[in-house]
Amino acid sequence: MTDALKIAIVGYKFMGKAHSNAYHKAGRFFELPIELVLQTACGRHRDGLAEFANRWGWRETATSWREVVARDDIDIVDISSPTDTHREIAIAAAEAGKHILCEKPMSLSAADALSMCAAVKRAGVTHAIGHNYRRVPAIRLAKQMIEDGKLGELYHWRGTYLQDWIVDPNFPLTWHLQQERAGYGPHGDLNSHSVDLARYLVGEIKSVQCTLTQFIDQRPLPDEEREAAFAAAVGQGTGHVTVDDASFMVVEFDNGALGSFEASRFATGRKNYNYFEIYGSKGSLCFNLERLNELQFFSREDPPTAQGFKTILVTESSHPYIANWWPPGHSIGYEHTFIHQVVDFVRCIQGATEMEPNFFDGLRTMEVLDAAALSSREGRRVDVPRAEV
Amino acid sequence: MTDALKIAIVGYKFMGKAHSNAYHKAGRFFELPIELVLQTACGRHRDGLAEFANRWGWRETATSWREVVARDDIDIVDISSPTDTHREIAIAAAEAGKHILCEKPMSLSAADALSMCAAVKRAGVTHAIGHNYRRVPAIRLAKQMIEDGKLGELYHWRGTYLQDWIVDPNFPLTWHLQQERAGYGPHGDLNSHSVDLARYLVGEIKSVQCTLTQFIDQRPLPDEEREAAFAAAVGQGTGHVTVDDASFMVVEFDNGALGSFEASRFATGRKNYNYFEIYGSKGSLCFNLERLNELQFFSREDPPTAQGFKTILVTESSHPYIANWWPPGHSIGYEHTFIHQVVDFVRCIQGATEMEPNFFDGLRTMEVLDAAALSSREGRRVDVPRAEV
Amino acid sequence: MTDALKIAIVGYKFMGKAHSNAYHKAGRFFELPIELVLQTACGRHRDGLAEFANRWGWRETATSWREVVARDDIDIVDISSPTDTHREIAIAAAEAGKHILCEKPMSLSAADALSMCAAVKRAGVTHAIGHNYRRVPAIRLAKQMIEDGKLGELYHWRGTYLQDWIVDPNFPLTWHLQQERAGYGPHGDLNSHSVDLARYLVGEIKSVQCTLTQFIDQRPLPDEEREAAFAAAVGQGTGHVTVDDASFMVVEFDNGALGSFEASRFATGRKNYNYFEIYGSKGSLCFNLERLNELQFFSREDPPTAQGFKTILVTESSHPYIANWWPPGHSIGYEHTFIHQVVDFVRCIQGATEMEPNFFDGLRTMEVLDAAALSSREGRRVDVPRAEV
Amino acid sequence: MTDALKIAIVGYKFMGKAHSNAYHKAGRFFELPIELVLQTACGRHRDGLAEFANRWGWRETATSWREVVARDDIDIVDISSPTDTHREIAIAAAEAGKHILCEKPMSLSAADALSMCAAVKRAGVTHAIGHNYRRVPAIRLAKQMIEDGKLGELYHWRGTYLQDWIVDPNFPLTWHLQQERAGYGPHGDLNSHSVDLARYLVGEIKSVQCTLTQFIDQRPLPDEEREAAFAAAVGQGTGHVTVDDASFMVVEFDNGALGSFEASRFATGRKNYNYFEIYGSKGSLCFNLERLNELQFFSREDPPTAQGFKTILVTESSHPYIANWWPPGHSIGYEHTFIHQVVDFVRCIQGATEMEPNFFDGLRTMEVLDAAALSSREGRRVDVPRAEV
């Protein structure tokens, strides 16, 4: 038996950086049952890849993910590449018996997600989807409070995830704005996080009404692609945006709760505003990712003259994950969620428990998103299907 | 020509109090072109009515609104009674040539609202709907900023109106919970305010998707009615709730903006949480009625390193209505909106300008609410009709 | 025995308006044991006075407060004129057996305050000082919570009162900036409020360290006075500011608590920022006048994982004064504190209880302010004297 | 010439962890001109030390700081041990020609600080004091804004640093509560941070008035020491607290600004509430360490109807240090300040610029603290001396 887990990562941009940092820090701040080895960094562009591997201490680089995934010495495959690549890499990794940590959104469609689920189920490997926000201490605390009955029966989920990075019409047509690469716009990128949190905290979603909207349909091509396009069609420096710019939904949950989701990249002033409220018969909770060390809590069980929304500073050692960090009042940040994810993932691989959120969770989320897109197209309330894996 | 306007009010509960106070204070804090006379208070229950009239200085009382409305000496009819009475009173008042201030929601249905509009149009009287929140100084300021182009092209409206006064299952079955008296639950009571504000600030609503939900379908009868029910059917102390407990909507505006509305009486901890956000290409605004002296504003035109949501304390003499109140930093409250409403209404009667929001506005709002209810029942996106008056 | 109390008010500016409004509204919203009659408005400038009396419904006007105070038919003398006039009017009113409501700060000095106290004590009349903020519902609630032991032993008071209305060097030399009229600058105007609240909530102040500062020592004369000055001394259009622009203090309380006070008119962006924090062994409170419907409360008795500062929306009918106003979540404003003051004052006159804060409270506050000014001049910690009345 | 800097750290508790993490991450997120080697971890207790060194990747351990400091191969000495050890280690390290990063507070007294300054000056080494909060991006941004004139002339500093970790009377008598080990209580531990920030942002402090207070003078001995005490004196399980529990100050700055400092460990509910406000003639700033990704800014140069305190989310790539972290809206935490400190310190060693805050800054801060303690004892305003180094 090995005393280390060797990791291969595919992708070296934003998520590559966040995951690499997490692999390094997990064992310093937490008791890990086994050593993590940053073995292979895999990507298409040699130069950027080498710089990345060097900076983050990956032992080697590779440009073919197929070869890497097939290697005997790799234990974990980390899929941090664009959405359209997830399905193929995940299935190959599963078939090669690797444990898989796959970034979100899981896939271009629920159908793809289903085939990925089948693969990991057959292979019996540990699988995770990178909905890292489940591991914000404040959100884990929210989960505990709901399970402890502090909210009573749940009536409402009000979730929103707002950004503004493409408000400028000159923002170029990157892969995030192309359906064949990204699947959806904020409907996938942002709503997938919100739907995952709603499922985690409130329960399964039964039906959905949705409207997807686009505000800007043509954008300049990114520098590299502009030249190519120029060769193909003289004078053409722009391309069509083929994903949504915003997605608003109303949903019914299995437990009778009524919910809403609002995702947009056109919410001027909101940078990473992943915000939600949960209302129950006994109490309520609010969370804002831009103030991730805080959780708001209202309890009807407080004395009548002293009820109110309380700002819990989630930095006490009795709070989830916090004992391993700093003293009370010393905040943590965005990157810490990835470290918690690595710690839990590794513990699951070592047999502690089943990982969550896993591919099956990712599938459920994709089913909601696909049903919502259908609702938007057909203008009707759509029941969310639940495929059996 | 008369040098005073004589007012008759129908209804003497919550709104009767708010309006009476407003009639008294309007002329003290603002320059009114004419004196207001609190002439007749009209209601069904003699005892409560007399106490009300005495406390608030109404010269006389009456139990028949029909007689009062027909009197020559009355100039203004103030309809502050339950929703199901609005149509009949308003039409009679219009036919008698009275100016009308009618509480919201305007009516039980858009059809009723249409007939009310026809009546005031024929009569040529001044008419107003009591969506008093348009007259919160911060909201007037928001309107100015939008008209001045500070937000640019509008992308999103996110409106919510949350309360929690019936979370307790023992809260009795008052008239607000009965369809024949109230029309809708929070869908009418709260969403009517939000839709009015959205129309005021963003524009007309084109289509709507909606789900209405009910969480508690039986409630104890109120004390007085419980006895009657007991006589009718031995042992029966509860009755059916026949309105919605919550209403969530997604809407498209004529101008392309995508919007949401969420109204509920089951949002534990929210007392009168009328909150909205508006996002545009150049800036954004947020408002919370529970902090009504404040307006949040974000501008993309601020220097890049110094952008952020700004809390404008709307208590400067240069802000709408404020010069007549107190020095900077000295807040006003809920009741002040009614005073502003009276001031503007009287000025309109005196010919200054057309009153807004008026019956035609009320009709548009009822059309959105009815279309939304239809969407909820039929599970499809519904285009909002716009009846011609 | 009379069935009404006749009021004479001296002064008709900012406080004249606030008090007049309060006399009108008190009996409408609260059960008053007796009718209030707005009898005589008294001031030096005939024109402004007449306009004021007319607008606010004072039955008559007078330019000699001495004559008015001596009249048999007056029951209450309301002193809303500048600080330098308080002593003389109050003593005369007391000697004439009138009940007295005197605006704050009480006087130019503790010595003056002491003579005022002696007068009301001799006369046996009801006397009040207009520290209206004690009657913000949130502050009354704070008082209740402290008395109920929710804070335990008190460790700290951190009070601040910040404004910015004279940051502009061209703001003219009004009477507020002249020692002979105002006594102190913000040290008196603002700190008097804060010291009153600290005494009310925490206890008596034992010693004080203080520094008074002036940022701008010359200012343009106000329009009317500029002409006069011009006549007196050609070319001279400015005058000396003779009060402080800011006052910062550190104090020890009798009960061992350590406290601070910071008052300034040079705190750019703060309009009426009367803010304080109280820390105790079991809990803590924070209050901000610019959000006067809210009170922040932290309790060490909450469960360890769910502790935090709670924002109590002080608009429940179980909260002080609120049952007479509006439903939960419907905020009140600055002016309501004056109405509460009138209600309580009248009830005290009718024999219910002793009024607070009264002249003896005002004296204690003046003693702290004078001791602090001495500390600033002499650069030493000064024990606060407590004169016996 | 070497291509790496070898570090020896003395101390392995809270600061040992924070610094070790920083040494590891600095080169991954920032471009460092040279490699950092975590060479030697030095401490008194072999077991804890070994666990620390192993977890954090220190190559070796040592129990004699004297030997380590004298070694030729060490380039940097990091002093993370209790305050009473700083002077001796720092002087020895300077004499051995090492660059020094010394934790705060710098020393037990200004006199000690002066001798440390003399030593580093003689040696010509690079020296730093660990006032890491200067390197919160929001605070660097505040500095930039002040230097750019956005605040105009400065009128006020209102700084507070509140914690509550010893409110419980059973909290044991750790070294932080003993004068011979810690020098001061919160007066040193917390006020040293605040004074450093005030000097950084506002300027030098000229005079001080201060009151130090103690609320609990006896506490149980910590477990290890209780046994020893038991041996020495039967039945004795408690010891005297010999430092302050709270310290409140009023200060005058050289530039005429009036300021306040309030530090306490008895502010129930405050965990690490390092909060300050700065007011100037053109604008104002507020900062709260518990929300360290935010900076509040008010500008009198905004349009009159749209002025207000703006919450700048300091996560833009144009903000200090942020380009090396995450996209907008993705927050960082407490530990990042140490990474910035390492990056800047190493760049200074490599000759970029003079390090700040350095030993001379630490001396100035100690002079303020000592003057304040004298003011508290003697009850008088004390001018702050400025020793020449």
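Each chain carries a letter (A, B, C and D) given by its place in the written order, and its residues are counted from 1.
Heads up, the rule we're going with is that a contact is a pair of C-beta atoms (placed from the backbone, for glycine too) under 8 Å apart; a residue touches a chain by one contact, two chains touch by 3 or more.
Everything numeric here is computed off the predicted structure, so don't read it as measured data.
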Chain pair with the higher count of C-beta pairs in contact (B-C, C-D): C-D
Label of the chain whose CA centroid is most distant from the centroid of subunit D: B
Mean-CA-position distance for subunit D and subunit C (Å): 41
Rounded Å distance between subunit B and subunit C, as computed from the means of their C-alpha atoms: 37
Where subunit B touches two or more other chains at once, by residue number: 270, 307-309, 313
List of subunit D residues in touch with subunit B within their complex: 141, 144-145, 150, 297, 302, 304-313, 316, 318-319
Touching residues on subunit A, where the partner in the complex is subunit D: 14, 18, 20-21, 24-25, 28, 55-57, 163, 165, 270-273, 289-293, 313, 315, 326-336
Residue ranges of subunit B in contact with subunit A within the complex: 155-156, 158, 160, 162, 164, 167, 209-211, 213, 215, 246, 248-250, 252, 256, 258-260, 262, 264, 266-270, 277, 279-284, 298, 300, 307-309, 375, 379-381
